[in-house]
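The structures considered in this document are given below.
Same chain, two partners: subunit A is paired with subunit B first, then with subunit C.
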Partner chain A sequence: MSLLKPFSKLPGLNTANILLVESEEQFQQSLADALVEETSVTVNVRLAKSLPLPMENDESRPRIDLVVFIINLTSELSFQSAEASLKYLDPGYFLGKVCFMVTNARNASSPAERLDAVRKLASSLHCPLLFAEDQTPDGVASATERLLTILKVAAGLVPIATALYVSNLTRCTLPLDIDLPSFD
Partner chain B sequence: MAATQNLSDSDQSSVSDQSVSSRSGNRSIRVAEKERRKNEAEDPFVLSLKYFSDVEAGTPFHGNDKLEKNLVQVEKVAYSQGLPPEAVSIMLEFAMSLRMGTSACVRVLKCLIPASVVPQEAVVRAVVWLSIGKMPISTQVLFIKWVLTVFDMIDAKDQLRAIYGFIFNFVTDENLCPFICHLLYLLTRKESVRVFRVRKLLELQSKLGRQPFLLHLLSLYKVFCPELVTLSIPSRMKSGFKNHISPWKSALIAVQKRNGLQGAFSNSLVFTHKDKTNPRKRKHCHLEFPDLIPALNKEARSEQSSSRRVVPLVQLHSFAQLLENMHRIELPAQMGSLLGSSLALQYLDCVQDESALLRLNFWLGYAFHEEFLFCGDGGPSQTSEEALQFLNKLLSAQHFLQEGFSSSEVFLYKFLNVWDGSLLRPQILGLLSNIPVVPSSQIRRLLFEPLMQLFFTSSLFFKCGLMECLNNMLLKWLTWHSIYALEDDLDISLNSHTSINMTLSGFKDSVMELIHFVGRLASVGLQLEGCHCLLLSFVLDFYETVCDTFLKYGLPLIVMPPAGVFYPALFATDPVSVDRLAYIMHRYKVNLTSAKSQEKVTEQVFHISRQTFREFNHYVVVMVNCLWNSRMFHPGMGVQLGEELLLKSNVSQYGSSFDLVHHPAFMSYAVNFHQKCWPGKKDMDLNSIKHSKPWSWYLEYLFTQGYDGLKHFVQSNISWQLKEDDGQGDAQQR
Partner chain C sequence: MSYSSLCWIKSTFLWCDLSLQESSLFFFLFCFLVMESSDSQGKLNHMVGTVEPNDVPAAEGATGQKDTSPVDMLRIKQQMSNQCFEMAVQLNAEKNKRSCSTSEAERDLPEYISELERVKTLHFNSTLTLHRMQMWHAIGEKLNWSDSEADALKAISDRCMGLCSHIKHLQQESKKLQDEITEIQKNRLEMKRVTHEKIKHMEEFSKKEYPDMEKYKAALEKGQANLEKYKKMAIMTQNVLRGILLACKVNWLDDPKLRDIAMTLEEFPISDKSNAARSPPEGAEEASQQMKSAAQRVTEEEKEQHRGRTTRVYKVQPALLWIITYLDFCSSLSGTK
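So, the complex of A and B:
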């Protein structure tokens, strides 16, 4: 068991590395296929079911610039697995190099409490929380685009912007009770 | 299979025959009918129905093979094509009479998926069975849920309304109450609101607490009879009736989809000439706007005395007719249908009756919730085309009424929190730009936080789209203000239908919050996108609105752009951005001077802070020094660099590197001008343009290229005489 560290290796030239963690391994493959299509930078995608990552590839593994936890809201297991994986990350990652991506948020079979729990988790870790429509090609394309936007900043490819700076703007905020806006 | 298909088709037509006589002359149907009769005897489905209508009470349920066989047969038809009306009647009667006990009843109720319509009589009979009271409570709930699910498919509502009091009695049951309230909400008309009912509901409320379903029903009562309900109802309520994720929903959608396709096909063959005139031939696609259907049927209408005659909207065909019958319009059974008809929208626009809007908002809120926030298993993919049309229609209705519906506003606040930023983007942003002014205390939580998270994680095009949306939102707010502001007490009531009243200062706060928010988004967004000129253009659009708030919209509020917007525009590489910035600065100046002079004349205290003037002056000095005076890095300017650093850069005359000649945006014009001015000259010396005469020609040349913004800016800010030797003036300072 080892911590994944953000700065233990040197970055590659014009390269960004992203790690997709999803216990169900459904969405990550299609995301990965779309992510590597990016042409302006070399994007390496690593897939994992959960953390910690196995020791044997440790040497050959590049520096991971962004860790994405994909959570399927219809499954409690998916959430628990992501939560359990978090402790294998170096605290340095939480300075803007982790984000959560949630699927099926609008599905009738995903309970509102679970979404609240995910929101609480993301906001307590100061991480962005993205929502994705994983069933449609458009949804996958848009999710890819948004991950790339974050990834480029996290990999230091955007001048003047740092991951910490941007994550301060994009981090999830605590859930709010919208049902009762007391307007009067 | 073919036989059952025939059965359901012709049954559909026979039901409509009863009500619409014009259909009877259809030959092909008769032929089909004959064919059907021939096949009927052998059809297992018909035999099964016969079994259910004849079966004796007390026949055992368990281990009854015959029943099992017939039930499976019915279920097969139900899930594949839906049940024709008469089958619905038979099965409902069988189930509700509990002839074979509760478990049979539950199983039958679960497969009651109507193909076209549900006969009203069947529902009324079932309600009668309900009150015999032998049924366990969970089954009763199941039945009411079924009625709610198929409510729109019940062919008429008059008899159901006639037993309103009967149904009302069920509210006393705690388990049934939420569902009964929902049903009553759908059935309530003005006549149904009575003192004793209001009293009963209030009594229930004191017992059960302020339940949303009770509040919703009471609020409808209040709209109809405000004198009877003295209770104060919160202006925005929790989305009222719980979403009944019923076992029928997905099956129903699937059946309708299938039948919808088939229906379209058969329509084109048979009913080509009258498919529009038959109000009963509506499709029940869940997101489609229903046609206008009068809530009463024909007989009931003719019975009513002429003095209380109501006219259903569907019978009106012109605006003149609408005006004549304005006082006795009968609203359609399904409020969503209003959005599809322009006459109905006219009616909504001018009528003061709040019940129409209340019901419409309820319908919309429900539809939004069902289709966008709480999707069934079908998922978003299957509904996207319908959803697109639904939102487009809604948008055009809002555009017509020039205001948003409160239900769409509440929906957006929820939806933004689970949006992926691309699903139906143009429509969602369109709805967003229609929302009424949000109080400044709420605006951050409701709007800014979700939008900011979306903005900074999304692509350039989303950023541009959101900028445009926020610009439209501001434009609408300002327009509302200029229309609804009352002059005397500076109090404005926004949005004629919802009763939000806002003080002028409250409104100003909200607008200011919005402008500052966009300023923040724009500064950081431009930085992240490397000052992309497309994004810059949308940002400048926004500031073109902001700079004219005082003169165009009469709002005494002037906010300057942040440095993060000003400098990227000033140093942009495309001349259009610089020109637009110049225009914006010119408009700021016009607004500020007129505000100041008005302040002097009227002695009215609306305060534009000194800070705003200071910022404006600073920006003008920077612009003039930079574009005109070639004093780029002078001390006291916005951009300061150390002397030695500048020398190190090896740029000679660094001060003039952003004047109108050397500015990267205008360099090509300067070169072009130089060639035209001195055609024979081999070595190009751009500095020679700066002499008095060529300078004025050069300006003239730029202005003829369409740079009116620059022209205005130069004329209003620079006092410049040609006679002066250096040909350069100075900024007019306030």
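So, the complex of A and C:
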């Protein structure tokens, strides 16, 4: 079975594992570099172009705490590949261990329908939707911060909150002119 | 301790429902928790022995102490308990599956969430209170021992008390000042409101008077026209009198009554065209025009009135006129003497 399961492996002590899935493989790199610099926890970042993940690594792969789908709004392929990868995730992940990150939302060449489609997807799956700016180091830093907060909760490092509980607060809602909840 | 034992019991019940891998995982985690809370090493070894095939690397991690500080240990323990809790939730979800539509679920969800939040905040607040009580109890005990540390504690607590009373004092002052400010602002607002009202009233009144204003304006204009007319008449008669005095070479200096009259003749603003040109600049165009026309009319009327007599009318400035007459008179006087 090629499904990625949330609870099929032992969790690491004082570590958090995050999987970044992006079909273009460029924002992943800068984000990964920034994520690894976190000092209080050991953050292991794994990169993938799409799911399913190759079977060869299955044994050595640690338990993934958070799966982030990075969608570039200027390319249709990115969205489609993310959608296709969703099938290979165990449903247990969707209770707070999946996050969508969108780049280039302000770009004029990205059609509004795609953003609406992403929003619909995120709200139907009850997952948070983050917007990131990948060109400047400031944008990468702020995206990293937000990802880290979600990651820490998903890895169980925050004493009071569990991923499921927090997902109820951060889930994307379809806007009837409301802003997306930002997780700070 | 009680939490872990409860989970232990739960896990034994759920053993049959789980896949082997996940249940072994549970086993290991609960062992870890048990190890932390009670120091029964024998039990641990027994447990580790039974689940050995799956957890070789993890067991090493469990028995070997990687982190040194107790804070880290506590943190890791928290993490583990959190993860256990998540997995227990997953298991419960599997067990308690019931079919209902998504919309029903969506409806019920916010209630559950708010209930959960309420309970969580309650729990958190109670924990805080408990910690506070424990801390104060510990401090109290320490103070009772009266050793060097207790003295330091006493000094610190005295300082804290001093600072707190200072803070209270400052807060009271700031509150008083804030009250004063609010009072002044209220007054200012009141003033503004009253001013606005008055302005509105004024506007109303100024607008209302409009139909009557026409009549008043007409009446005013008529009055002003009358005034002008009479003024011109007065000026004209004054000119006439002056002309008479000059022409007849009357000795106005000696007679006091005549002198008064003659002196007052100086005070009118116009006598002829040239004077009108020299009139003060603040006079409007109309005024100067009026004066010019008035002057013209006066001189014409003068001419008319004096046609009967064979007198000459002096068309120069009044001051000059008077100087000339005076000199003339003096010369005549000296001539006669």
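What to note about this one:
We adopt the following convention: the second predicted complex is superposed on the first by the 174 of 184 C-alpha atoms of A that agree within 3 Å, B and C clash if a C-alpha of one lies under 4 Å from a C-alpha of the other, contacts with A are read in each partner's own complex, and residues count from 1 in each chain.
To be clear about the criterion, a residue touches a chain if its C-beta (ideal position, glycine included) is under 8 Å from a C-beta of that chain, and two chains touch if they have at least 3 such contacts.
The structure displayed is predicted, hence computed values, not measured ones.
Superposition of the two structures on subunit A shows subunit C clashing with subunit B. Using the contact criterion defined above for the overlaid structures, shared-chain residue A:A108 touches subunit B, although it does not reach subunit C.
Once the two complexes are laid over each other on the shared chain, residue contacts for A:L10 go to subunit C alone; subunit B is not touched.
Legend: residue contacts after superposition of the two complexes on their common chain; A:A143 is shown touching subunit B, with no touch to subunit C. In the superposition on chain A, A:L157 makes contact with subunit C only, while subunit B stays out of contact range.
When the two complexes are superposed, the chain touching more residues of subunit A, out of subunit B and subunit C, is B. Of the two partner chains, neither subunit B nor subunit C is touched by A:E56.
By the touch criterion stated above, A:T173 is placed in contact with subunit B alone, subunit C being left untouched.
Once the two structures sit on top of each other via chain A, subunit B runs into subunit C at 153-161, and not at any other stretch of 153-161, 279-287 or 297-305. Touched by subunit B in one complex and by subunit C in the other are residues 158-160 of subunit A. Those residues of subunit A that touch subunit C in the shared complex are 6-11, 13-14, 92, 95, 155-160, 162-165, 168.
Contacts from subunit A toward subunit B in the complex involve residues 105-109, 115, 128-133, 135-136, 138-139, 141-143, 145-146, 149-150, 153, 158-161, 166, 169-173, 176, 178-181, 183-184. Within the complex formed with subunit A, the residues of subunit C that make contact are 21-22, 25, 28, 55, 58, 61, 66-67, 72, 75-76, 78-80, 82-83, 85-87, 89-90, 109, 113, 116, 120, 124. The touching residues of subunit B, when paired with subunit A in their complex, are 234-236, 238-239, 243, 245, 372-377, 379-381, 384, 410, 413-414, 417-423, 439, 442, 445-446, 449, 452-453, 456-459, 500, 524, 527-528, 530.
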